[in-house]
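The next block holds one structure in the form of structure tokens; read it before the comments.
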Amino acid sequence: MIFKTFWRKKEKLKDKKSVIESKTDIFKYRSALEMRFTDLDMMGHVNNAVYFTYMEIGRTKYWQQAIQWDWKKTGVVIGQASINYLKPILLGDKISIYVRTSRIGNTSFDLEYIIIKEKNGEEIVCSKGKTVCVVYDYESKSPVQIPLKERNKMIEFEQL
Amino acid sequence: MIFKTFWRKKEKLKDKKSVIESKTDIFKYRSALEMRFTDLDMMGHVNNAVYFTYMEIGRTKYWQQAIQWDWKKTGVVIGQASINYLKPILLGDKISIYVRTSRIGNTSFDLEYIIIKEKNGEEIVCSKGKTVCVVYDYESKSPVQIPLKERNKMIEFEQL
Amino acid sequence: MIFKTFWRKKEKLKDKKSVIESKTDIFKYRSALEMRFTDLDMMGHVNNAVYFTYMEIGRTKYWQQAIQWDWKKTGVVIGQASINYLKPILLGDKISIYVRTSRIGNTSFDLEYIIIKEKNGEEIVCSKGKTVCVVYDYESKSPVQIPLKERNKMIEFEQL
Amino acid sequence: MIFKTFWRKKEKLKDKKSVIESKTDIFKYRSALEMRFTDLDMMGHVNNAVYFTYMEIGRTKYWQQAIQWDWKKTGVVIGQASINYLKPILLGDKISIYVRTSRIGNTSFDLEYIIIKEKNGEEIVCSKGKTVCVVYDYESKSPVQIPLKERNKMIEFEQL
């Protein structure tokens, strides 16, 4: 993970609050999430499985808007997924998702996600997640290399 | 709607309770439904949209087990759907769905559904629904005649 | 259903196209719907049960934005729901929902919904639905009268 | 992770196949999963987020049947969740989930899950997952100690 400037990095490490801020600060893509009433379970918060749908919504938009990945053409399957639940999401919360490519391999790459809610002008981190994405050829049913155009786009967009 | 025997019909009409029982009595197919925690919304009952998933589960099994309809081969799309919500379904309720073909047309047919929960050995009707099912050719993107084999199977199974 | 002006009504009845247009024209509330990849089933179109989630999203926003109904305070349960499926919704379709109160009773009222997709600047009607909404007291577990403030708001907004 | 007997452990390590088998062999709880048509996305396999619903179904039953945990009384929230997707789940696949408690802490414990499909009498591992479960008091909104009765039950059932 590369901070955009050295100055910024120093700034971030000054106190606890800055460190937390830095977590979303390295993300270049953010999109608002539209909560549905049905996302909430009877405990009154967004059900744990729905966060993975939120991450799917996030990466679909990220690929579309930031990377112009035609993932219906060049397939991508999820190899691994993980999440840390930090704060519950409640009805009426104004939520957004940050998405970034954090690693680019040969046939796979990693995406990181932070879901936040806004309260009194501040961002509260609700969850931090990660997926390992595998470029996949549905014909041969096997992983294939990341297409060059999309690879370059990822490097360029994320300044990796 | 045809009662299986005249005797049974008379029996059923004796009192209010019998009439309600008769509603499920004309059904020849019943299947247990497996509720998921995530089917419940924050009001603590099964969300209204999930009933249509329950009806989908019901007809999928009905076609598979009673009619042997290969609906992946000969497509069926839903033209209309309706439901009366009568009693809420709560966590822990033991629920089942009744399914029957109530009308057979040329390119379409109707299915009726009753979702019940069991309590103290009695069946409590939670909802009554109906879907108009249209036999559909995905190639030509238009309705087609009900295949003869499946039509005969429906008539035979339902004694229509 | 009341047309806003007699002139408009005459206009609408001139030809088939106008009649179809009039269907959304009597609606005063419209909201964009955000499709999720997971709304689509393996047939490649939005699953039939998801339309009822779309209608739930529509009425939640309609009550919030148009009627200012605090439905978490004064409960509303769905007594009946029905839909006509007219055109499939596919991945990438830009969809919206129209919502209107079409009947105001004592303890219940009706909502009507039209889901459309936009194509080449035209609106294509994908489904027409209706729900009977019952004002419900969760304490006494019985229907109650529509609160006066919300009733007046509905009449005012819909010019009923 | 403790093997039930040393002999069994030796046996398992003989070849690759045994090692894979041993993965489910240390599980003492297994439950059949009922796939829904709507679990599949347009790629024709069970959507990645649905696996977390499957794990929720698995642990709900495991707690109910094996541990007799009244999780509606003593709340449990998910702190972390992760999964490795190994084989896709397709329509018609006969699937089951294995669940076990793999760690018991003070206020939290870990559950491990394996989802398998059966084919020609063999079990094919489709995914391996894990959740960190935090015992949670909804009143004070903070983690609390694992209740003694449930702790003992977990130790006893899992022979930890």
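By letter and in written order, the chains are A, B, C and D; residue numbering begins at 1 in each of them.
Note that in this section a contact is a pair of C-beta atoms (placed from the backbone, for glycine too) under 8 Å apart; a residue touches a chain by one contact, two chains touch by 3 or more.
Please read all numbers here as calculations on a predicted model, not as lab measurements.
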{"item": "Of B-D and A-D, pair with higher C-beta contact tally", "value": "A-D"}
{"item": "Greatest separation from chain D - chain, by CA centre", "value": "C"}
{"item": "Whole-Å gap between the CA centroids of chain B and chain D", "value": "33"}
{"item": "Geometric centre distance via CA averages, chain D-chain C, whole Å", "value": "41"}
{"item": "Centre distance in Å when chain A and chain D are each reduced to the mean of their C-alpha atoms", "value": "26"}
{"item": "Junction residues of chain D, two or more chains touched", "value": "37-38, 43, 47, 49, 53, 56, 91"}
{"item": "Arrangement of touching chains [line / ring / star / complete / other]", "value": "complete"}
{"item": "Residues of chain B touching chain C in the complex", "value": "43, 47-50, 52-53, 56, 75, 77-85, 88, 138"}
{"item": "Residue numbers on chain B that touch chain D, as the complex places them", "value": "34, 36-38, 53, 56-57, 60, 72, 91"}
{"item": "Interface residues, chain B side, partner chain A - complex", "value": "37-38, 40-44, 47, 49, 91"}
